[in-house]
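Sharing a structure here in C-alpha cells format.
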Amino acid sequence: MAGMPIIRGVGLTKIYGNLVALTDANFAVMPGEVRALIGSNGAGKSTLVKILTGAVAPTLGTVEIAGEAAPLGNPRETIRRGVACIYQHSNLAPAMSVLDNIFLGRQPTRWLGLIDRRRQRREAVALLDRHGIDLDLDATVGSLPAVKQKEVEIMKALALDARAILMDEPTGWLAASEVAKLHATIRMLRARGVGIVYISHVLNEIFSVCDTITIMRDGKIIAESAVADIDRPRVVHLMVGEKLARESAQASHQKRHPRGTGEARLRAHNLTKRGVFKDVSFDLYAGEIFCITGLIGSKRTELVRTLFGSDRFDGGTLEVEGQPATFRSPVGAIARGIGFVPEDRHREGLMLNMSVTENLAMAMLGRFRRGFLLSRGRMVDAGRRAISILSIQPPDGKRPVALLSGGNQQKVLVGKWLNRAPRILILDEPTVGIDVGAKAEIYAILRRERELGAAMLVVSSDLEEVMTLADRIGVMVAGRLAAIHDADTTQMDEIVREIGGVAA
Amino acid sequence: MTVDDNPANDRRKFLKTVMLGSAALTGAAGGMFQSLELAGGKLGIAEAWAEGTRFKMAFIQWQPHTVPAAWSKGIEEVLKPQQAIDYELLDGQNKVEVQVSLMETLVNQGASVIFLQPIDSVALAPSIAKAKRAGVPVITLNIDATEPHAAHVEMNHYYGAMDIAKAMGAAMGGKGKVAILNAPPGIIIRDQRTNGFLDGLKQHHPDIRVVADQVADWDRKKAQDVLNTILAANPDLGGVYGVNDSMALGAVDVAKEKGLVGKVTIFGNDGEVAALESIEAGELTGTQYTDVYQQGRLAAAAATVLATGGVPATAFAQQSHLLMPYLIATKENVGSIQPSQRW
Amino acid sequence: MAQNAVIFRPATIALILFFVATVAFFCVSAPRFATAANMENLLSGYSFVAILAMGQAFPILVRGIDLSIGAVVGFVGMVVFDLTLIFHVPGYMILPLALLVGTLAGVVNGALIVFLKLQPFIATLATLAAYRGLTYSISGRQLRPDLTTTAITDPWIVGIETYFDIGSWLGISKLLPMPWLPLSFVIMLALFAVLQTLVMTTRFGRDLYTVGGNYEAARLAGINAARVIICAYAIAGFCAAVTALIMVARFTTSTEALGTGMELTAIAAAVIGGMSLAGGIGSPFGPAVGAFLLGAVLLGLTLLGVGQFVQQIITGAILLAAVGYDRMLVLRRQRRLTANPADAV
Amino acid sequence: MSLGSTTTLTDVSRRLAPHALPITLLAIVIAFAVAQPAFLTPDNLIGIVRQVALIGIMATCTTFVIMTGGVDLSVGPVLALAGLVSFYCLQADLPLAIVVLAGLSVGLLVGLANGAVIAFLQLPPIIVTLASLSMVRGSALIVGGPEQHLIRDEPAYTFIGAGNLFGVPSPVYLFALVALVMIFIQRSTPLGLLVTAIGDNERAADLSGHRTRVTKTMVYAISGLGAALAGIIQSSQVHTALATYGPFGTELDVIAAVVLGGTSIMGGNGSVARTLLGVFFLGVLNNGMNILDVPIDIQLIAKGVIIVVALAMAARGT
C-alpha cells in the first residue's frame, strides 16, 4: 500500500449559501485500499465524494488524482482519469437499455461514432459474468425494479475499470446475499490494486470489508484509523460526537413509555401493497414514539406514505382511532388528524422560495381564512409564535426557506404540523442531513409533543437516532416488518443484525 | 366608373369581360340547351341532371373573410338552381401548402370546375397546371396566376389602389401627410395595393408625403391602436389608407374618438357593407367598391359553361380575363349602389 | 437489439396500428381515398411536414421545444428566393447554402438556451419573431415587385418536385394504378433513415436520450450536455431548411408567410408520434408517422365532405387522445414498478 | 481573496438581476422620448394603456396558469368565440348583463375543461391547450361562419370597449380593474398563496393537504375568463364579432408578456404585478416603434432581440 495515493483531496471546503457542508477536509486513498467513510447523516460524506468525482467544485482546496492535480468540478475529466462513483441517487437514463446505461456517455464506437454494439455487448457480458450479476441487457432501465437499477449503477462504475471507485451507500438497495456478492467484488478489485471509498451506515459491512476508516462529523474529518485497531463503540462514539453521545446516554436511561398511554391511535393489520410491502401489522399509541428502521429500500417510506394516503395499499386494514380508514389523498388523512413530514424536504416538504411564515402556515391555511380572504396578520402572528417555540434561526418570518440551514428548514417542516397539534404525526427521516445541534433540538421537540400525547411514527435509518428517540422499535426488512421491540429491552447490535437480514 | 382611367388594353379586357360575362349569364339563366350542341361528347348540365350525373364544383378561399364569403354567396346563387351541381367552400387557412393540397384533392375528386382565390400568383401555378392536365378548368378570383388557366375574374387591386390615391389626393387638395395601415407581407394583394397606392400618389399627387406605413394585420382593433400612435407623432395627418376596409374602419373609429371626422381623409379597400354605411354616414371618405356578389355570379356562370364541356379546359392556352368594373365609392356616388349589390 | 427497447415501445406499435386503422377506415368510407392520385397527394403534401416533425423530435427529446422552425422555414425559403431570382446563383450552390442557413438558425436557438440559460419555450418564441422579421427584411418580393410573378426555374431547386413512376418500372401499374412516388417522399425516407440511425446507433444518439432522460446523470457521466442540446436544435433547423427547399420547389416561389404556424403542426405530429415533452422518450419514427396520420385524417375528412371547421375540432381530439394514451402507459408502468416514487420514471 | 472578489461580482449581478426589466424598460422609454418627443404626450401614454388593455387582461389572468408550471395556448380562439356568443345574445335582445355573462361563461367553460383535463388526467398543458386551441377555433368558425357580424346601435354594449370616461377610454378602466382584482387575489386570498405553493412545489402542497388539482382547474378557468372578457371588449371596441379574431400569435404575445414579467415558464415564483411590467414593456416597444415608423421587419427583429436580452439579464440572477 506504499506509493502515492490514487486520489487525494487537500484542504477541501464547500459552502452552500450560508451552510458550510465541508471544512478543510484532507482525504486520501491508496491503491488497493478499501477506506470506509462514515459519519451520521449530514456529516459531509456525500459532499466530499461529490467533490472528489468532480460533480461539484469545492469552494476551496484541491484534488489530486495519482499525484497530478485534477480539474475541479469537471466530471468528464475525472472519469477519464479513472475515478468512478456509485451515487446514492439514481444516475441512469430511464428510457435506455441496461446495456446503454452501463456504458453511459462512453459507448465504444466505430467510424462515424457508430456504436460498436457487438463489442459493447461482449464487454458487458464479460463484466456481468466476472461479477456474477444477472441482468437483462436489453431491458429498459425505467422498467426495472430499484434493486436491479442499483446493480446497473454498480456495473456502470465497474465497467470503467477505474483506478478508484467511490461508493456512496452502495448496499442501500441490496439484500444481504447481494451485499455479500458486492463485497466479494470489492475484495477482487482491491486485489487488483483499485482504491475504494466505501460509505455506509452499516457497521457490519465496514468491519467485514474495509481496511481503513475515516470518520466525519459536522463537515469535518475527525478521525482516521485502520479498521483493525478500532472498535464499534469507539466508532459510534466518534460518529455521533460527545454531545449526542451524552444525550443518547441520558436517553438510554431516560424513562421510555412503550405503548404510551395505551390508547391505540392507529392500527395497521396486514397492510399490503403488491410488490412493495406485505402483511405489515402494528399499533401506534398516543404518547409514544414508534421508530421504524431498516435499510434504504426496505420500503419504510412507502409504508408510511400509504398510512398518510399519498399512496394506496391494496390489502389489509387500517384503523384510525378505532374507525376504519382508507385515505384517497392526504386531505382525508389530515382531516383525521394525521400529519406527515416527508424524507426529502426539498422535493416534497418545503416551498423553498416561499417565506418561513408561509411554509409554517401551509398545513392549516383554513385557520387564517376570513371568508374568502387570507388574514396575513394572523398568519404572521402564528408564524412568529412558531419561530420562537422552535427557535428557528434567524428568527425572520419573511426569509425564504431556501436560505435557512438544513436544521432550521427541518424545524420549519416539523413546525408546520405542530401548529395543528396532530393526533398522529408521521416523520420520515426527520433529521436527515442536519447537524448534531439541530438534531438534538428536533428530538426535544418530538419528545415534548409526545408528552403532549401525540402518537408519533418515526422512520429512520440512523440507529443512534432510533436508540435515542424510540419507545418502541420496528425493523423492516425487504418490505416486511421483521420485528418490533421495546426500546429499553433492546440492544443496538441486535437491531443491526436484524436490519442486515441476518437474523433468523 | 373609373375604368376609363385604365390603359387601353384594360378597356379592351373590360369590354371582353362584359360580353363573356353576360353571355355566360344568359347561359346560366337557363339557356343551357344551346350549350348542348357545343357539348360535343360531353354532357350538358340539364341532360346530366336528367341522368342523375352530378357535377362537383368547389371554391378554395384565402382564409375566412367577408370578400370570399360574398363571392361564395354569389357563386351559390347561380349554381344552386342548377340541381346537378354540388358546390362546397374550402378554406385555404392563409397557407399556400393548404391551398395546394386542396387543389390536388379536388382534382382527384374529379371536380368539374375549381374556383380559386390564390394566396400567391406563382405558388399556385404548378397545381393549376396539374389541374389543367387532369382536364379540370380553374377560375381564379382577384389574384391572377402566372399559369394561364380557364378564366380570371378580378377587381384589379393595383389600378384600384392607384385610383384611391388619386381620389384621396384630390380630397386632400394635393398636399399633406398620409399614413398607410398595411397588412403583413406574405399575400400578393397586399403588395399590389400598396404599390398601386404609392405609384398613384407619385403619378397624380407628388406633393403628398407618406409619413407612416405600419402593419395592422388586416385587423380593425390593431388599426385603431396603430393609427392612435401615428396621430400622436403626426397630429397634422391629412389622410389614411387602409389596405382593407376593416383597417380603414378602425381608422374611422379613431377619427370619431378624436373628433377628426371630416378633417382626415380615410380610404379603405374592398367595399364591404360596413364601409359603405360608414361612407353614407360621412365618416369614411371612400373605398374601392366592386359588386362581389356579381363577381361570384360571373365566375359561376363561366363555370357552368365550362362544366358543360363547351370548351375543354386544356384549350385555355389564351386565358380570358373577366375584369370586374369597380367604383371608387364616395359620399357622392355611394347611393348608386343598390342594397342588393351590398355585401 | 437494444434499440427495440426504444422503437418498439407499446406506444409506437399502437401508433402504427392506429395509422393503419385510420387509412383502412378512409379507404372504405371515403370516396376516392384509395386512389393512386390521393396517395400521391398524401405523400407529396405531407412528406415535408413529416420532415419538419422529425426535426422537432430532437429538441423535444432533450426536454425542450422549438417554436421557431416555422419562421426558419420562411427565412430559408426567402433566402432561396433571393439567391435564385435576384443573384441568379446556380442551384447546386444554393442547396448547401440553404441547409447551412437553417442549421445555423438552429444553432443560435441552442446557444441561447445553453449559454444564456433561457427556457427553450421563450428563447424560440423570441427567435420566432426575429427570424420572421429577418424574412421580411430580406424579402426580394418587397425589393423587386416584378419578381412576385416570376417563377423559380432553376432545375436544381425545381427538380426536387419530381415524381417517379415506380409502378410502371415494376410493371405493376398494368395490374393496378400505382401512385407516382414524389422525390420529397424519397428525401423524407432517406432523412428518416439517417436520423433514426443517428438516434439509435451512435454515441450522440445515446447521449440525446441521456441528456433528455436524466440531465444530472448525463453530466456525471461526463457527457457534454451543452453540445448535445445545441446539436439537437441544429438538427431541427436543418430539417426546417429541407422542408423549406421542398416547399419552394413545390410552389416554384416563396412568400414571406411561408411556414407560418407550421411549428404547431410539427409539435402536434411529434406528440401524436409518442414524443414525451418530459424528454428522453420517442424517436424520429413517431413524428414521421404522426405527420402522415394527420395528413390522412385531413384528406380523408375532406373527401368525406366534412367541413374544415369540423376538421379542426377532430384534429384537436386526436391530439388529446394521443397524449391521453401515452399518459395511460406511463401510469401502467408506474403501477408495475416496485420502486419507490423517487425513481419511478 | 479571489473568492471574495468573485462573490462580490456575482452579488452585483444578482442584486441587479431582478431589476433588469425595469431598467431596460426605462432605457427604452428614454430612447423613444428622445427620438420622438410626441411619445411622452399624455395622449400617447393613455394610448399605450388602451393598446395593451386586451393583452394585459389576458396576461394578468393567465399569470397564475404559468405560475403553476402550465401554459394556456387557447386564449386566442376563446376571445373570438366569446365575442360571437355575446353578439348572438345581443341579436336576441337579451339584457346587457346576460350578454356579458354569456360571453364570460364561454371562457369559464373552456377554461374549466382545459384545467380539468390537465389537473385530473395530468396531461401536458401545452398539448391540451394546443388541442383546445384548434377545437375552440373550429367551434367559433362553425358558430360564426366566415362573415363578420356588425354590432349596430348597441350603445350600452359598445361603451364597454369604445366608451370614454373623463378622457380615458373604458378598456383602460377595465384593465386596471382586472389587474387590481388579480393582484388582490394573489396578495390576500388563500388561492393566491396556494398558486405560488403549487408552482414552487406541487408535491409538497399536496402533502400539506391541499386540493391542488381543484386549484389548478380554477386557475385555468380564470385564464379562460380573462380571454373571454378580452373578447367582449374587442368585439365592442371594433363593433364586429368575427370567428378569426385573436389570430395565431395572440397566445404567444400573452405568454411573452407574462414571462418577461419574470414568471418562470417552469412555474414557481412570479407575480401579477410584474406581469403588468412585462405587458407595458411589450406595449411601449410596439407603440414606440410605430410612432417612429419603424418598418415591420426591424420591429420583429428588435422585439426578439430585446426579449432575449432582458431575459438573459434576469436569468443571471437565478
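As written, the chain order gives the labels A, B, C and D, with residue 1 at the start of each chain.
Rule of thumb we're sticking to: contacts are C-beta pairs under 8 Å (C-beta built on N, C-alpha and C of every residue); 3 or more make two chains touch, one makes a residue touch a chain.
Note that the structure is predicted; figures quoted are calculated from it, not measured.
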| item | value |
| --- | --- |
| If a chain touches chain A and chain D alike, it appears here | C |
| Chain pair, C-D or B-C, that carries the greater number of C-beta contacts | C-D |
| Chain whose average C-alpha position is farthest from chain C's own | A |
| Distance from chain D to chain C - Cα centre to Cα centre, in angstrom | 30 |
| Distance from the mean Cα position of chain D to that of chain B, given in whole angstrom | 36 |
| Distance from the mean Cα position of chain B to that of chain A, given in whole angstrom | 74 |
| Residue numbers of chain D (touch at least two other chains) | 141, 295-296, 299 |
| Where chain B touches two or more other chains at once, by residue number | 91, 184-185 |
| Residues of chain A engaged with two or more neighbouring chains | 347 |
| Interchain contacts (touch definition) - all pairs | A-C, A-D, B-C, B-D, C-D |
| Chain B-facing residues of chain C, complex | 31-32, 35, 37-38, 40-41, 44-45, 48, 136, 139, 141-142, 145, 148-151, 161, 247, 250-253, 255-258, 260-261, 298-299, 302-303, 305, 308-309 |
| Chain D to chain A touching residues, read off their complex | 3, 188-190, 192-194, 196-197, 200-201, 203-211, 268-269 |
| In the complex, chain C residues that touch chain D | 65, 67, 112, 116-119, 121-123, 125-137, 139, 260-261, 264, 267-268, 271, 277-278, 307, 309-313, 315-317, 319-320, 322-324, 327 |
| Of chain B, residues touching chain C in the complex | 88, 90-91, 93-97, 100-102, 104-105, 107-110, 119-126, 146, 184-188, 191, 195 |
| Touching residues (chain side chain D, partner chain C) in the complex | 71, 117, 121-124, 126-128, 130-135, 137-139, 141-142, 248, 252, 255-256, 259, 264-266, 295-305, 307-308, 311-312, 315 |
